[in-house]
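Here come two complexes built around subunit A, the first alongside subunit B, the second alongside subunit C.
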Partner chain A sequence: MKHLLASGAVGVGLLIGSSTMASAQSCEISIGSVLSITGSMAAIGSAIGDAGKLAVDHFNEAGGVNDCSVKYILRDDQGSPNVGVDAAKTLVEIEKVPVLLGAIQSGVSLPILTSVTVPAKVTQISCCSSAPSFTTLAAEGGTQGYWFRTLPTDRPQAAVLAKIAAERGYKKIAIIHVNSDYGVSLAGRFKQDIEKLGVTVTNMVAYNQEQASYRAEVNAALQGEPEALFLVAFPADGATVTREWISFGGPQKFVFSNALRADEFVESVGAEYLADAFGIDNAQVEGESVDAFNKAWEAAFGSAPNGPGLHTMYDAAAVALLAMEQAGEATGTAIRDNIRKITSGDGEVIYPGVEGFKKAKQLISEGKAIRYVGATGPLEFDQNGDVTGPYLIWGVKDGELVTLDKWDNQRVSAAIGEIDN
Partner chain B sequence: MLQALADGILSGSIIALGAIGLTLTMGILRFANFAHAELVTWGAYMALAVLGLTGAFLGPIAPFSFGIPLIFATLVAAVLTSLLALAIDWLVYRPLRQHTNHLTIVFGSFGVSLLVRMVILLIFGGAAQYYSRTLQIAVPVLPGMRILPDQLFTLGITAIIVVGLHFFLQKTRLGLAMRALAENPELARVNGLDTRVVVRWTWVIGASLATVAGVLYGLTVQLRPEIGFHLILPLFAAVILGGVGNVFGAVIGGLIVGLAESFAVLIVPAGYKMAVPFIILLAVLYLRPTGIFAGSVGGAK
Partner chain C sequence: MSGFAAYLVFFLIVALTYSIVTMGLNLQWGYTGLFNAGVVGFFAIGAYGTAVLVGPDRAQLIGGFGLPFPVAVIGGMVLAALAALIVGLATLRLREEYLAIATFGIAISIQLVALNFEALTGGAQGLVGLPRPLFELFGSPGAYNMFYLCFVAVIAILVYVALEVAVRSPWGRMLKAVREDETAARSLGKNPAAIRLQVFVLGCTLMGLAGGLYVGFIGYVSPLDFLPILTFQIWAMLIVGGSGNNLGAIVGAVGVWGLWTMSGLGISRLLPVAYQSQGGAIQVILIGLLIVLTLIFRPRGLIGETEAVSRHTR
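Moving on to the complex of A and B:
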């Protein structure tokens, strides 16, 4: 244990040390990050920290921001809001960071946002907090525009699924969803959206995870003779629900949430029952910009970037740094006002990595427009700081998961627009 | 409404099978064996393992989703589960019975249950498994009521086992000995009853019934390492409801718990149905601590 602690301390020392050593320039800009390095999210937290560090290293190698080297300061929130707020306060008040990356959990990000970053006019960009409450807060003006996240929320997912379900001609649909923040919010959104498109939701049933049987839930959902089922679930429980739905005579027409796009799920249910099913997932897992990040990650760490939050964290750091470069100054407000300039429009496309950042710096210095297409593909922040990514529609054919359709940003925005008006 | 009735009776009959074994061991060995539910899991997984070895020869017997191999696998699994129960008794409970008080054995059983579950997790992994991947489609029996053929089989086998066990306890010498030991251990011993033999057979019967319950559960629902963990509360509720040591009480208790769970969904959201056995348990403990049928405490009748 002592040894472990010691090596951990050396590791952190190196982490901070290496970014300081890169400072050949005279000035230095600090950016802060609050993540869960220990606590319940520890398994993913430190790799996410590395992803942020990688973006900063790439930028420093490309010459730094406004000819200043960037110092990346990572603080642990231990998965707790109190610790997270303290860490954020230290970063903002003592280190004077203009931008704060984090946190992972929505429950930590929210108090940091309302009690630290917004009052101090510091931009906050989260890689991983997906709760819908941020969108509400932003729409009410509570974030003053200082809040961004690089992870798509459930808003576009619900809209796209509702649109397709309505187009398929379903008139009555039942919803079964996992009883978590994710499930409740996606199911609720979907219900709102699909009812606007004239489809009746016969029943909305929540289920608790890790149960052996969901017969009661399925029976409740079968009341009112729905023509199809919208299921928000994770693969194992989702398979149980789907099997019981089919067993008890439910129509074999399904709308599936993103988490069900897994071979395990198709295999457990049986592909022959899923011919009429479709689901959604983020489509931003391929493309040149994604490959650029994946290669850079492999070069730095010797393994593929498999894990949640790595791509989104890299992009969170990258857009913050590019916005600083674009603004020519390192203040929270300047970053806030420039993030959309470097991610939207018709500017020259910039990919992740040292070369990409060099090119971006060159173009900005020449006064030309750039558009960053990141590790998660194209990023476009709406007025609430949320991104709408492209989506793919998947189905099952010949026992395999296949892509049925692709929705790019415009199509997604059009669908949301149609539903909202 | 009808569907809830059918579902309740079916899940109740599986609870009943597990509860019979629990009520016997509780009545005769006189401690709350929290590891009993893990015997259900163990039995179910042993049958899966045997099925994996023998393969699906002969194919399923219509209209059921299983055939001779599963029945054979269940018998082998019952033997393996009995061996596990005897081994646990010999290694853990026997030394504890001799030296320490009642509570220590109960805590010991907690430890054993965790151990068994983790061993299953280690060998078979945590993902859900099935005896057969083919999906059975439920048959409409009455308007608004659908039943799987496998569920009817479950109901039938439960009825046969309950009746058989009743005759065993009433008519055979061993059954009499078991009842005697449950009623008054000192008197039974004074009369020259070999308690070790009776205890051994109690374990074998309890473990075998647990195996059958586990296999039926796996057949109508699915196999997961947490089967036992999720069944533990309904099992205890059923046993206490029926009165500890009362075989018929355990069956009725199991049916009541199953029905209560499935009818509860009509009133409260489905996510909260797990709380129903708790409420029944508390209500019975408060109103009739000896169970609804019990005349005396701790008698196998």
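Moving on to the complex of A and C:
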């Protein structure tokens, strides 16, 4: 009788053509991942792949998803969109994955999203693609909600910084930014936001990395008598720019991007010049859940998880697996609809690792709510699939980096809301 | 549609798109001996031209004309042709390797312009939300892909037939004359410079056409799509398939693209999960190995050039 029921369930499953798994004992769910194992991002790609696999291994050790074991299929995109799209298509059509993790570069993730995952109703979660165009596409309805990413975008950062700069009463501000995808989009976003708050941007100057001097850029930025400088830079170049700004008599009022929160930067500029400076950083870089991930990584690979994308990739895989567990079925739409259920609300907090997933499975089977706090800290996805994490505002006091203020998710969302309206 | 069939349709759309590029290159290299190492540049112009003309209006962008897809593709082709005309006038006096270096540099410049001319191309973020032609008419993505495959296949066949007619015409024989011995061709009163320019523009127009078809299918375009690797992929397709033979160009495009992509599928199936992060490297080695082996055992390609002698001399 049992056998009859099981085969009946399989038959129905085949009929409706979905990969829904009944709670049969020996079953397997595949999840796919498209990353750059070779090509221009090869240096970071395979470690990111390992981070995804670690999450799957942890989940399998905790008993698998809906009692099915999870198979992790990693495909290489060679750093090319055409190869990545093809790999994604084979994962979706042949391996029948309900969720696709990746890709690293936005230029690979986006064509996969538009031509493979959204049409096939497969959820896509990226660890590493930061381009703002995903938000645009999602807001237009182009992703149908199937897109998520676990790294914070520059949207909230720019809004928070603009809000504080306006509150400090700056009327005219200059911008100097590194000429990269990151620098251009954060600076552009900040300009838009702060102009909405009634502050004039006197000049926006891009600089190219690793040069001995930035006099020309600083000079250009000083035109129009700005009252403060917004600097998007990395520590070494940032220090050069800041020193030259001060020596040319620029006002010692600074707004700094997250990458400048480094002791070497403060030391090489001189703390006495930075009394009136503030900057931003993700507040989720520490905490118990982060430690749990770091320990698990060290146990598995014998070294500390230093490198971009490792924490965010683990979380991408973890939220997908937990959403499947919560939904009780492994389809893209079910995952899409359950991701927010397991990351927000007042449920019991779940940390990364085998123990955490075991606890999560237990609670879900009892019908209780859970809230996953991941390797990157608390994750809350907005309606466009972006995470708005908490932020901290840092400054310099007595020669030391200090935290001036903390912005939780509500405050960040409120700031964005105020600027958008 | 079962999984593999759905994938095959998807695969063939991309492969046939590349076969149009390969036929364009075949006209230039296979028939006329022009070493165009900037294939991807003209593919990019066709793609961006189409994207700008077909795309939705956006405040921060110059483009977004929202034109119908066929008009946009033709626009992209015209732009590619104009670019080829300018490039051709400037560089076609150069011979083989010099022409290769010049066109290679031009392709990289085009990619850099796409990366930096943000107001037109969207910069590093690319152009998103491009409409896919007639997408609304089809209920499922599978059915739509089937339609798009037919569409691309019809265009590829039209291009193939047109090229076959052209290369068998007196004009086509002239191409080979220029390729084999330019001085002899000139002594017969032909104008090799004009022929080279015509062929260069025509071939690049086909590359632009393929760029437009690619954009229509993917619905997105970014500078990452146009890295120099694509030029080498197209060259591999032409050489493996058989330079100087249009059917060879199509076979090469499908074959090499199949090798390039399906080797990944095979490896991910065969390799134990623990070694998956090495799979990418194995795939790249395998691709290189198979291309080298093909060239060792079939130096003229899978389908080489057939001897062409005027039927009147037989």
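The definition used in the following text is that the second predicted complex is superposed on the first by the 396 of 421 C-alpha atoms of A that agree within 3 Å, B and C clash if a C-alpha of one lies under 4 Å from a C-alpha of the other, contacts with A are read in each partner's own complex, and residues count from 1 in each chain.
Throughout what follows, a contact is a pair of C-beta atoms (placed from the backbone, for glycine too) under 8 Å apart; a residue touches a chain by one contact, two chains touch by 3 or more.
Small disclaimer: the values here were computed from a predicted structure and weren't measured.
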Combined model on subunit A where subunit B meets subunit C, clash or fit: fit
Which superposed partner A:Asp76 touches (first subunit B, second subunit C, both, neither): second
Which superposed partner A:Asn203 touches (first subunit B, second subunit C, both, neither): neither
Partner chain in contact with A:Gln362 - subunit B first, subunit C second, else both or neither: neither
Superposition-derived comparison: subunit B or subunit C, residues of subunit A touched: C
Touching partner for A:Thr333 - first (subunit B), second (subunit C), both, neither: neither
Touching partner for A:Ala216 - first (subunit B), second (subunit C), both, neither: first
Distance of closest approach, subunit C and subunit B, by C-alpha atoms in Å: 11
Parts of subunit C lying in touch with subunit A, wherever the complex brings them together: 3-4, 6-7, 10-11, 14, 118, 122-126, 128-129, 141, 144, 217-220, 222-225, 227, 229-230, 260-261, 264-265, 268, 273, 276-281, 283-284
Subunit C-facing residues of subunit A, complex: 37-38, 42, 45-46, 49-50, 53, 71-76, 78-83, 85-87, 89-90, 93-94, 96, 105-108, 110-111, 114-115, 119-120, 131-133, 136-137, 140, 142, 181, 184-185
Of subunit A, residues touching subunit B in the complex: 179, 205-208, 210-217, 219-220, 236, 239-240, 243, 246-249, 264, 268-270, 273
Contact set on subunit B toward subunit A in their complex: 3-4, 7, 11, 127-128, 130, 133-138, 140, 146, 148, 217, 221-222, 224, 226-227, 230, 261-262, 265, 269-271, 273-274
